Each structure stands twice: as structure tokens, then as C-alpha cells.
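Scrolling down, you'll hit the structures one after another.
Both complexes below contain subunit A, partnered by subunit B and then by subunit C.
And then the complex of A and B:
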């Protein structure tokens, strides 16, 4: 039963991640791959606050979200000031650079990972609380994003994404919208990171490498970029899929790459066969 | 204690080490200039080039020249396949830059995972030993590898310059880079130019991976970090200026080498990411020396003849 609860926690976390990434890349048209690093920032902040300062869990998780949200400006401000294209390039450097820092300082546990995260609750109650909390978080984030996208502000986001020049000509501030979208998306990733840290009680820099970028991007592309429901479907589907492979009982050194191959191959297939994803954004809007 | 010999040694080794960075940068900058594509798939091509040569040398046990030929042929074939089957399809569909970005990046990752499945995640080199004979010249250790790396990089760069400057096909590349639709009006095939650019890039990628693989261990994700170097150098050199980007690669390589004097080697890669932020903040359009006028592509483009007009 614990396996099912773990899966539910992961579904909640990954739906939050894919929905927030979709807000950035699908709705905002901002190309970045550094989403996992904000996930990491949230996770490490929450964990370190719990380990070293005994900060209550909920406060730590919210602090993790705020750190991720604040850090997003370090990435978006210099790159978006010039051109959206630079965001992608700087995001690769930001992710690899930040992971390098995490791997090289003792405070974060270094490359060996960070353990000793205080556990809250125990037994089946813990699993039930985390599973329901994680799913509620995902539901809250998806509904909030849906509300934003359908509001007048959301229409402004779409207008900016579709024709930035016309949008700016009308006197609107595109830069401000981009910063807000990026900060919001990153903040939600940080929130998911906090939940992840307190449920799994162990963090390793390897969990936030490029594989995570590919995983989250796959969920968005396969589900349907730009649609609210798409990343939810993509997240659930792509978390369920590897469970089928686990029954093959392959060694870990084969499992990891095989999952990666499946994820990336799915994206490539969808790009050519069904670029709009499983749930088309246009269809949803009609 | 820093003395002149130490500085000279770091300078020499740093210059030699930057040779493969130069090759990767030229490949990246050329595709960006001609095809107009941030080709993140280059990391995948780099992985294919390395492991094709690794397979040739360590599994097939064929001579070096044959292994090199195998690596070059395999990489060129694969790159051509991607250009013809995938990139052309995306262009035909008028796909957004976001789609191209996702495709190139995910293709790179797909290749990296495939290579992990076949070759594992342990670092490997092209040959069992990466030791190279060393001679002392004016108190500086000069290895055979250094000489091979510098001479081959110099020769390839010169060949590309001559090709772009004097060969008709090379001038077509410049014309397409400057104004594709106009070049097509004059009868130049943009499709062909893209394929030629990708082919040349794969030659540079393969040569670079040979040099890297005979010097250091490679895992399937190594090319991504190497490619980031090329991206930074391309940005610093200025988009569209291939040889300025190559020069920028040498500068960054030297800065990274000299950083060993002030920071621990574990943090050396951070210099690269620092460069990335610095470049984007201070030189987003690339670094230009005042008073230097870039030779405009239009000057190099073939003049219309009576037939083509």
C-alpha cells in the first residue's frame, strides 16, 4: 500500500511541476530548461531549514517556495532584459552551475546527498497525509493556473506570447509579465520541492539533473503544451508508464537510461506525429 | 609561488586544450550562422562521434586512420539524416523556434540515454592510455598531443576560412546566411547550403571529439557541458562571426586554465558559468574591438551573373 501512496505523492509533485512549467513554456512561450533547479532550491531550502533551524514543516516548505520564486529573478532578469532566446542558454548554465555549487559545498551534503531531514508523522498516517497533501497541492496549483490563464491577465499573457511586438506597441509591459510568469512557475516548482524533501527525507543533486528537465518537458509536450489539463494528463501518464518497466526487474544501470530513452523518444514522436499533444490547447479553448 | 615558467606552461597547455573547444565552437557558430539554428543536437552528434570512434578502436580494433574514417563517416551520415528527415520536415511545417529548441535538445538527450544503455556511464577514453610523449622546450613541457591538437585545429580552421572565402559552395553558405530568400532568387539552394553547413559542422565535431577523447574520459553526458562552452564562445564572439567565436573559445579556455592559480579545480567549471552570465549581461551582442569592421557577408556573396539574373 505504501507503494501506492508514494506513487500518489509523486503524481501530485510532478503534476505541480509540469503544470507550472507549462505556465512558463506553454502559456508564456518562455524557453527555459532550468525548472528542476527551482524544484531543487525549494527542496534544499525546506530541508536545510528543518535540519539546522527546526523550522516547522509548513513554514519550511513555504520558505522553499519563496526562495525558488526569488531566485528566478537571478535567471530571468539578465536574460529577458535582452531577448527571450537568451533565457534558454542562460538556463542551461544556471542549472549546471547551481548543481556544481550544491555538489561542492558541505552544507548541502555535497555530491553524496543530504539526509537527516526531520520526519513528520509516522506510519500509514504519514503516507495518507502526504499523498492527500501532495494531490491537493497539485489541484490547487492547476486551478490557480487555470484561473490566471482564463482571466484578463491570462489573455494578456497569450497576446504577449503570440505577438510581442504588437503587445508592446499597445503600451503593455511584456517584460513585467514574463518576469511574473517565470517567478510564479518557479515558485510552484519550489513548493513541490519542499513536499518532496519532507516525504522522501533524502536529497541528491543527481535528482535535479538534465534528466528531470527532459522528464518535465516530456509531460508537458505529451500532455499538450498550452492547455491546462494537458500537463496533468502527461504527468499521470508518464509516472504510470515507468511503473510498468519496474516489473521487468532490470538492473538500476539499465532502468535509468531506459526510462530516459522512453521519455525522450515519446517527445520526439509527439513532435512529429501529434505536435499539439494529447490534449490540444486550441480545442480546450473552444 | 608563481614564476614565469609556470605561467608559460599554463598558457601553452591552456592554448592546446582550447583546441577542441575551438572546433566545437566553429561547428556551433557555423550552423547558427548558416542554418539559423541553435543546434543543441550538436551534443548528440558529439556523443555519436566519440562512441563511434570508441567502438572502432576498442571493439573492431581497426587502425587509427580507419577508426577516424569510421567516426567521421558515421557522424556525417547521422547528421545528414537528421537534417534531411527531421529539420527539413520541421521547416516545411513552419514550426516555431520553440519546436526546434525542443527537438534539438531532446534529440541530444535521447542520444545520450541510448549511449548510456549501450556503453554505460563509466568514463572511457578512445585509447587505453592517454599518455603522450613529452619534450621540454625552453622549460615548457610540450606533448605530442599538444602539437597534433594545435596543428589539426589550425589546419581545419584555415581550410574552412579558405572554403568560405574562395570556394563557390562556401560563398553560397555566406549568401544563404545573409539572406536566404534572396540567395534562392539567385538560384542558390538553401537546402543544400544547410546540408553542407551541417556536414562541415560534423567534421569539426568529430575532430574535436577525437582530440578530447585522446586526452580525457568521456561519459554520455559530457558533450552537453562541452557544447555549453561552444554556446558561450559563440555568444561572446558575436552571432554570425565564426572566427571571432573561435578566438573567444581560446580566451575562455585560457581564463579557465589560469583560474587554477586562484581557485580549486573542483570549482573550475563555475568560471564557465560565470562567463555565461558576464557575456549575456555585458556583451549580449558579442565582444567587438572598436574600429574593426566586420567583412559583411554581402561582400562575399557571389555577384549575380547574367544567367542567374
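And then the complex of A and C:
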């Protein structure tokens, strides 16, 4: 049962991550690969507040979200001022650099990871609370994003992505919109980080490697970029699939490589066969 | 006739190519100024300079007496400079009405906080915008297309939607970049009528156009551009009969 609960917690976390990343890349058209680092910022902030300052869990998690949200400007402000293309380049540096910092200072536990995160609740109650909490977080984030995307603000985001120059010459401040959606997306990733920290009670820098961004991107692409339900389907599917494969009873010499290449394979298959993802983005209706 | 847009000593070059060479021009309220000249004369570049897409090397642009040079791109539109594009540039994944709704000078939907907590005020505002959009579409006989995806419309109608979107900006200055290119028949007459009405309502309109009969029919005054310079301004008749114009335009 423990296994099912932890899978549910992970599903909530990854749906949150992919939905928020979808807001940035799918709706906003902003290409960044630094999503895992905002996930990490939320996780480490929440954990450290709990370990060193005995801050209550919920407060720590919210603080983690705010730190991720706030630090997104350090990446978005300088790069978006020049041009959207620089966001990708600077995000690579941001992702790699920040992870090096986490790996090399004692305060964050270094490369060995951060343990001693205070545990709240115990037994099955803990699993149930975290599983439902994590799923509720995902639901809340998905609904909020859906609401934003369908609102007049979402209309502005779509117009900006369609033709930024025409959009700006209508009097719209595209820079501000980009900063805001990048901050919101990063904040949600930080929120997921806090939940992750307090459920698994151990953080290792490896969990926030650049490869995580490939995982999240796969979820977005397979689910359907720019559609609100896409990342939900993508997240659930891609977390369940590797688990499902283990039940196939394939020989280990097939299983190992298969699990290794499954994400890459899926991205390639989807880009060829169904580039809009499982759920295609809805056309905007008035 | 009060002066709406005034341009003084505007200069811009890209490397060795001079697109604006000491351009001085003014357009008054109710006026329709035709901007004519061969391809590459700097007409669209002049629009880009006025709307803020490109920054000048020297010179000043005044809107109703106030300099707008320091204003970033998006603030110039808010100050009241509306423009259309030669290649229309509609938002292609959106419907006609949605293209119009993001276009007014002040758009309350631009703040996430307002969307989240604005409640009824935001709804009322959106409703008012929708009515304005519908009214503009009706003037063009396109009310029925409001919920159509813009890419599903024929090119002539897309051109009209481009104009409709610019009209959502009710500012004093309207810049039209080749509104007639690729357009014929009924749409042609509609655009002519709309441009006339807009000028009559007190706006200053500047039209880049190769269609000489359109310029003749509509413009109160014309300016002839070549090599980034305003070669001559005057009434349309004066200009069309000038030797310089015939030589540079038709190459005879």
C-alpha cells in the first residue's frame, strides 16, 4: 500500500511540475530548461526552514514556493530584456550553476544530500494525508492555470505567443506578461518541491538534475503542449508506465534498456505521429 | 485643423542604408495623408519609427504636441498611435472577436491580479469591449464572422479584421500600411468608407498605398517619398502631375 501512496504523491508532484512547465513553454512559448531548479529551490527552502528554524510544515512549503517564485526573476529579468531566445541559454547556466552550488555548500547537505527533515504525522495517516494533499495541490494548480488561460489574461498570452510584435504595438506589455507567467510557473514548481521534501524526507541534488527537465518536458509533449489537461494525462501516464512495465515480466536484459529509453522513445514517437500530444490544445473561443 | 502628429528631422540608417533622411512631416486632425513612393523608399520604415518598432538616430516625434520618443513601443499605442501591417499579422490561433478584444488602448485583462480579484468589474469591462468590437465589425459588414477563426477567412476579410483591430485603439492617430494590397470589390469600398469616417471623426490618418486611384479618391494631401526622403508634399493632383514623381515612380 505504501507503494501506491508514494506513487500518488509523485503523481501529484509531477502533474504540478508538468502543468506549471506547460504554462511557461506551451502557453507562453518561453523556452527554459531550468524548471527542476525551481523545484529544488522550493524543496531545499522548505526543508531547511524545517530543519534549522522549526518552521511549521505548511508555512515552510509556502515559503519554498515564494522563494522559487522570487528567484525566477533572477533568470527571467536579465534574459527576457534582451530577447526570448536568451532565456534558454541563461536557463542552462542557471540550472547547472545552481545545482553546483547546492552540491558544494554544507548548508544544503552538499552532494551527499540533505536528510533530517522533520517528519510530520506517522503511519498510514501520513501516507493518506500526503497522497491526498499532493493530489489536491495538483488539482488546484491545474484548475488555477486553466482559469488563467481561459480568462482575458490567457487571451493576451495566446496573442503574445502568436505574434509578439503585433501584440506589443497594440499597447500590450509583453515583457510583464512573460515575467509573470514565468514566475507563476516557477512558483508552482517550488510548491511541488516543498511537498516532495516533506514526504520523502531526504533531498539529493541528483533528483534535480537537468535530466529532470527532459522528464517534465516529455510529460508536457506527450500529454499535449498548450492544453490544460494534457500535462495531467502526460504526468500520470509517464509515471505509471515504467511501473507497469515491471509487471510485464520481461527478461532483465530487455527491461533495463527499455526503461532507460522509454521517455526518449515516447517523445520521438509523439513528435512524428501526434505532435499535438494526446490532448490537443483547444482553440480559443470567445 | 489641429495638428495631431508632427515629425521633425527624423533620421535612421541601418548600416549604409538610409531609411529616413531628415524626415519632417505633420498630419492634422481630419486629414488623410497619402504616403506614396517606390518600394524601398522608407514608407513602412517611417511607420515603424512612428509606432516605435524602430528607434531613430535623430529627430523628434510629437503626438498632440507632446514628444513620444522616450516611450517604449507598447506605450506609444496606449498614447494613441494605432497601426496596421502590410502583411496583416493577425493572431492566427484566435477568433475574429478575440483578435479585437486584446487591441484596445487600455486592456484590463493584462494583470493577473485583476483577473483573479477583479470580479464583476472585469466582466463588465470585457462586455463593453465586446460591444465595441461588435460595433466595429458591423460597420464592416462582418458581424457574422465574430466567432470564426481568423485563418478561416479569405484574405480580403482578414485585411478588414486587421483594420478593425487597429480601430479598437481609439487614439488620435491611425497609420495604415497598404490597406488595399490584395483587396478588391466590396472590401475595397468598405475600407474606403471606413477610412473616410475615421478621419471625419477627427483622427489623423496616414495611408501608405500604391493604388493611385485610392489615393486620389481619398487623400486630402500626399507626400512623396524616395530614398528615405520626403521629396515633395502637396495636394494629390499637384503631386501626381509632378515630373519628379513620374520619373521616380514609373521610371520614365
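Everything below uses one rule, namely that the second predicted complex is superposed on the first by the 265 of 286 C-alpha atoms of A that agree within 3 Å, B and C clash if a C-alpha of one lies under 4 Å from a C-alpha of the other, contacts with A are read in each partner's own complex, and residues count from 1 in each chain.
Rule of thumb we're sticking to: a residue touches a chain if its C-beta (ideal position, glycine included) is under 8 Å from a C-beta of that chain, and two chains touch if they have at least 3 such contacts.
Keep in mind that this is a model prediction, so the values were computed, not measured.
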Quick one: is A:217 in contact with subunit B, with subunit C, with both, or with neither? Answer first, second, both or neither. first
Examine A:169 and indicate which partner it touches, taking first as subunit B and second as subunit C; both and neither are also allowed. second
Once the shared chain is lined up, is A:139 touching subunit B (first), subunit C (second), both, or neither of them? neither
Per-residue touch tally on subunit A - higher for subunit B or for subunit C: B
With the two complexes superposed on chain A, say which partner A:237 touches: subunit B (first), subunit C (second), both, or neither. neither
Go through the superposed model and pick first if A:258 touches only subunit B, second if only subunit C, both, or neither. first
In the overlay, answer first, second, both or neither for which of subunit B and subunit C A:90 touches. first
Would you mind listing the overlap between the subunit B footprint and the subunit C footprint on subunit A? none
Write out the stretch or stretches of subunit A touching subunit C in their complex. 148, 151-153, 155-156, 158-159, 162-163, 165-174, 176-177, 180, 184, 283-286
Within the complex, subunit B is touched by subunit A residues 25, 29, 31, 33, 78-79, 82-83, 85-86, 88-90, 92-94, 96-97, 100-101, 104, 209-211, 214, 217-218, 221, 253-254, 256-258, 260-261, 264-265, 267-268, 271-272, 275
Touching subunit A in the complex, subunit C uses residues 51-53, 73-78, 83, 85, 89-95, 97-99, 101-112, 115, 122, 126, 130, 146-147, 149, 165, 168-169
List of subunit B residues in touch with subunit A within their complex: 38, 86, 89-90, 95, 97-99, 101-103, 105-107, 109-110, 112-114, 116-117, 120-121, 221, 224-225, 228, 231-232, 235, 266-267, 269-270, 272-274, 276-277, 280-281, 284
